[in-house]
Amino acid sequence: MSMEVFLSNKRGILLAYDQGLEHGPTDFDERNVDPTFIMELAAAGRFNGVVFQKGLAEKYYDRRVPLILKVNGKTNLVKGEPVARQICSVKYASELGAKAVGYTIYAGSAHEDIMLEEFGRIQEEAHELKMAAIAWIYPRGEAIKNDTAPEIVAYAARTGLEAGADAVKIKYTGDVESFKWAVKSAGKAKVFMSGGPKAPTEVDFLTQVRGALDAGATGLAVGRNVWQSSDPLRTARALRKLVIENRSVDEALRA
Amino acid sequence: MSMEVFLSNKRGILLAYDQGLEHGPTDFDERNVDPTFIMELAAAGRFNGVVFQKGLAEKYYDRRVPLILKVNGKTNLVKGEPVARQICSVKYASELGAKAVGYTIYAGSAHEDIMLEEFGRIQEEAHELKMAAIAWIYPRGEAIKNDTAPEIVAYAARTGLEAGADAVKIKYTGDVESFKWAVKSAGKAKVFMSGGPKAPTEVDFLTQVRGALDAGATGLAVGRNVWQSSDPLRTARALRKLVIENRSVDEALRA
Amino acid sequence: MSMEVFLSNKRGILLAYDQGLEHGPTDFDERNVDPTFIMELAAAGRFNGVVFQKGLAEKYYDRRVPLILKVNGKTNLVKGEPVARQICSVKYASELGAKAVGYTIYAGSAHEDIMLEEFGRIQEEAHELKMAAIAWIYPRGEAIKNDTAPEIVAYAARTGLEAGADAVKIKYTGDVESFKWAVKSAGKAKVFMSGGPKAPTEVDFLTQVRGALDAGATGLAVGRNVWQSSDPLRTARALRKLVIENRSVDEALRA
Amino acid sequence: MSMEVFLSNKRGILLAYDQGLEHGPTDFDERNVDPTFIMELAAAGRFNGVVFQKGLAEKYYDRRVPLILKVNGKTNLVKGEPVARQICSVKYASELGAKAVGYTIYAGSAHEDIMLEEFGRIQEEAHELKMAAIAWIYPRGEAIKNDTAPEIVAYAARTGLEAGADAVKIKYTGDVESFKWAVKSAGKAKVFMSGGPKAPTEVDFLTQVRGALDAGATGLAVGRNVWQSSDPLRTARALRKLVIENRSVDEALRA
Amino acid sequence: MSMEVFLSNKRGILLAYDQGLEHGPTDFDERNVDPTFIMELAAAGRFNGVVFQKGLAEKYYDRRVPLILKVNGKTNLVKGEPVARQICSVKYASELGAKAVGYTIYAGSAHEDIMLEEFGRIQEEAHELKMAAIAWIYPRGEAIKNDTAPEIVAYAARTGLEAGADAVKIKYTGDVESFKWAVKSAGKAKVFMSGGPKAPTEVDFLTQVRGALDAGATGLAVGRNVWQSSDPLRTARALRKLVIENRSVDEALRA
């Protein structure tokens, strides 16, 4: 039940690729629509982990990079209070080679209770099979006005810790100081910044990541900012410099 | 858990006959209301598979053609956000001789979560019993304005891949180019075009099928366009020419 | 899993007595309120089966007539979209001596999915214990304007066949021709006409039954038209003549 | 699964004390708020049974009087259509020494289906463990205008019989004649009149009980009219004369 | 299943720290946001128990102080009728070293039935594993106007007793006399006053606690009034004097 397998120098960069279910193929182009491309990128880019839904893991995962199996999910076609239920058993995730399960909790949703309960069960099953449990905590629903407000992000982080997550994936608040509080709220649960949509420039993105690291984050889970990049391997190298080697944005950009 | 049993020359034509539950007998006439007629047609027309609900499989299936057992379903009498739950266990489907289970997911429905979860469980059970899992992905519900819009069809295809379907049944978008994107989005999940309601002419229908094949589809699941045809066996021969022998619409029509 | 035990000359008359739960005692008088009276009537009237809820089977059933245990039910005090869930396990039904389970599906109700799913599970359990599964298919709910419209009755019949019912209990459409289509839609599932409320005269009732038989029905499930009759045994004899001996209404009335 | 243990001369008086959960302590005073007082009263008053929720049975029940464990319950703080789910397992009830389980069904509630289903399961479990199943049938919800109307009370009684209750607890209709019909509707299920709120005078209360007995009731389940009495033991003696010794109200009052 | 482990001189002070999930980190400062600080405080302050969610127990609990594992919870981001479902299994709580489980029931909520049922199951599992079951009973929802009204607090206490709680955590009513009734209503279930938000002054807080003890409470569960205190250990000492040594507020303040 350790996150160690996903870390180098106590830092980790996870390649997220669950957008096909969450957003649909509109996030993709001719190249990155193909999970084979992503699997290659994960290996060549020396990512510390790759995030797949069960269907991709079954058909494309080749065990070169540690796997986080996302065990719940939903389409964005549905309106109303969000809920995503388990679609992959923990046992099956383990058989597919996963070293961790990922689960999204929409904190603040009218269906929050369903997800907190389900994560509770999944977390125990994962730990029994020596897998880590990583929580994507996304405050959402009518009650949430701004999901990157510092107090909301800190609450998300804490929710993950309290619920037993070994690591939480949360959005960046926008500045180091307020994100520090979120990291502190997460306690011993490791914090991974959510990459989010493609940033206007690479500097913008790396600056955010640098901020998260300076605030105490363990790393990030990044998708679109890598595989929508014109040169994903170069972005991967830059991130590695920044995160694993703990360099500045400038040094990383020169990678 | 292979689709091979449903393919000839890597292509497949499935005879769909789950309309009795989904639409009621209004789709039928004196001849095709009788499942015996369909079973004969499936064999004589050399279909690669036949799709039945459990009741038909129990009383009419004779194992001459590989069986896809549709394990969920609903009537169209119900209004509101669509949901269809499991009505046949995977174990029972296997005992009835099925080589695959079929399951409809109404992506975009307010009850999408119930179906994604249920399919997730069914898919794992099917694979354990060496059966394929085929997903009918039908975007529906108040949130869906046009269920053949290219981005919606591509999202449907991708949803099936991500959820672990071995094959997806989706609607045709209307043109080759946009359907290519749907096929690409489905990745290694095989794409079967949904036959849909009876087309105005046979040429219209075959042209659609040709388009789907040119876009990369593995085949189609067809019901009304065959068994509502004045000469179902002739239509079956034409489809075989078109799909399995990969001929043109003109050549197929001369079959 | 055969209906044979409920048939004479391939025809069957089932004595329905689940009205106590479905309608309340308003259907009863001082005599027929007593299940002992019904048990005697079932035996003396040579019915092919008797329909009880679990409570009546436990306290009154004496095994002289084959038992159909109704395993779901509801009161008519509840308003809104109808739903009736399982209240007797299949195993317990078998221990009580039942040769079949009966289950009501309110097709078209907003809760249809719950009942289709539950019937699916019950049907498999029943077949494992060598019991038949009989579906009462009653289209109901806001979406249903007229539950004896021919296309609605045919849809009900077909729903039963598709869902795996060995027999369906449906309402009479009012004329032979349209009921023929319902019977055809039911395929190999045997059709039992629902007796319904007390008909104005015995001739009216027997004429309906004759119509159903002429349309291909296997028989009927009758309650109020027998046990609300001034001479239930005479009505039973008339029905036997009509149904089992396949006589005319006139001949039956002379019984 | 017999009610015998709760009867003397085929009659029974059950001391009901589930009001703490159902109504809150407003029903209590300094004396009767204490379950020890009730346990003593049950023994000294020679009641045929005592009704407790699991918490009281665990901490106060001493096995001097047969126990009916109430296995569902709710507070009256909740508004809307009533529902009470199982809060004590049948197995645990048995371990606590219960000879019967009690379960409330709010017939007519929009959630009636949940309770009928749950009672169905509980009743079978109870019978397997040789315990009786007693149903409190309370018609309630928006659809119910008057829960002591004769046809409503008779429906309640019948619902209990059909669902497999060994005994039903129902409200008194107000007169012997109409209650007779309710008792008849309950068939072999024994009828216990519900004591209800404290009657204006003891004569009023005993007259009601006498009416219920004359109508065929087996006895009553009484709470407030005993333990809110100024002299509970005297009331208990009066009830014993009336119910068990089948005396008149006058004779009972002289007890 | 005894509360003994949490008591000294039949009194107990529990250090509550489930606010991270229930309220979010807004309750915390740089020091008390860290569960290590709380664990140290629990030991150094000689608390009789410490209350953690599973995530904190897994990562911070060191067994120096008896553990109450809170097995359900929710964020306060969700609006509408409150519900909190189980997020930690009783078995897992036991493995983490807990001597009791804690569970919140929102009495009066439209979802009360879910929580009463879940607590019922959890309570039995806890007793089987020799753990106590402590109920946080918080009347809440649209139907509750004032959750410290004497009759509401007494109802909360009684609900816990009836449902089988070994101890209840309830709010203080504000005066000794009315709280006495609540304590009486709780019977043999031990009453712990809920500490609530930080009181204006320490005297205010200790006076409330003294009132609860004088009314018969076993002790209190306190969080913010201790760990938001400028000198938590001093507050702990004062509480110990007051509660365990049963001194006056003045004596306690001199601690």
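By letter and in written order, the chains are A, B, C, D and E; residue numbering begins at 1 in each of them.
Rule of thumb we're sticking to: contacts are C-beta pairs under 8 Å (C-beta built on N, C-alpha and C of every residue); 3 or more make two chains touch, one makes a residue touch a chain.
This is a predicted model, so every value here is computed, not measured.
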#### Entry: Shared interface partners, meaning chains that touch chain A and chain E
none
### Task
Give a one-word verdict, same or different, on whether chain A and chain B use largely identical residue numbers at their interface, taking over half shared as same.
different
### Query
Counting in whole Å, what is the centre-to-centre distance of chain A and chain C, each centre being its mean C-alpha position?
57
### Summary
chain D and chain E have mean C-alpha positions lying a whole-number Å distance apart equal to 35
### Message
Can you list every residue of chain C that touches 2 or more other chains, as numbers and ranges?
### Response
none
### Query
What residues on chain D touch chain E, complex-wise?
18, 20-21, 24-26, 28, 30, 33-35, 53-56, 58-60, 73-75, 77-80, 83-89, 92
### Task
Within their complex, state which residues of chain C touch chain B.
107-110, 112-114, 116-117, 119-121, 123-124, 139, 141-144, 151-152, 154-155, 157-165, 181, 184-185, 187-189
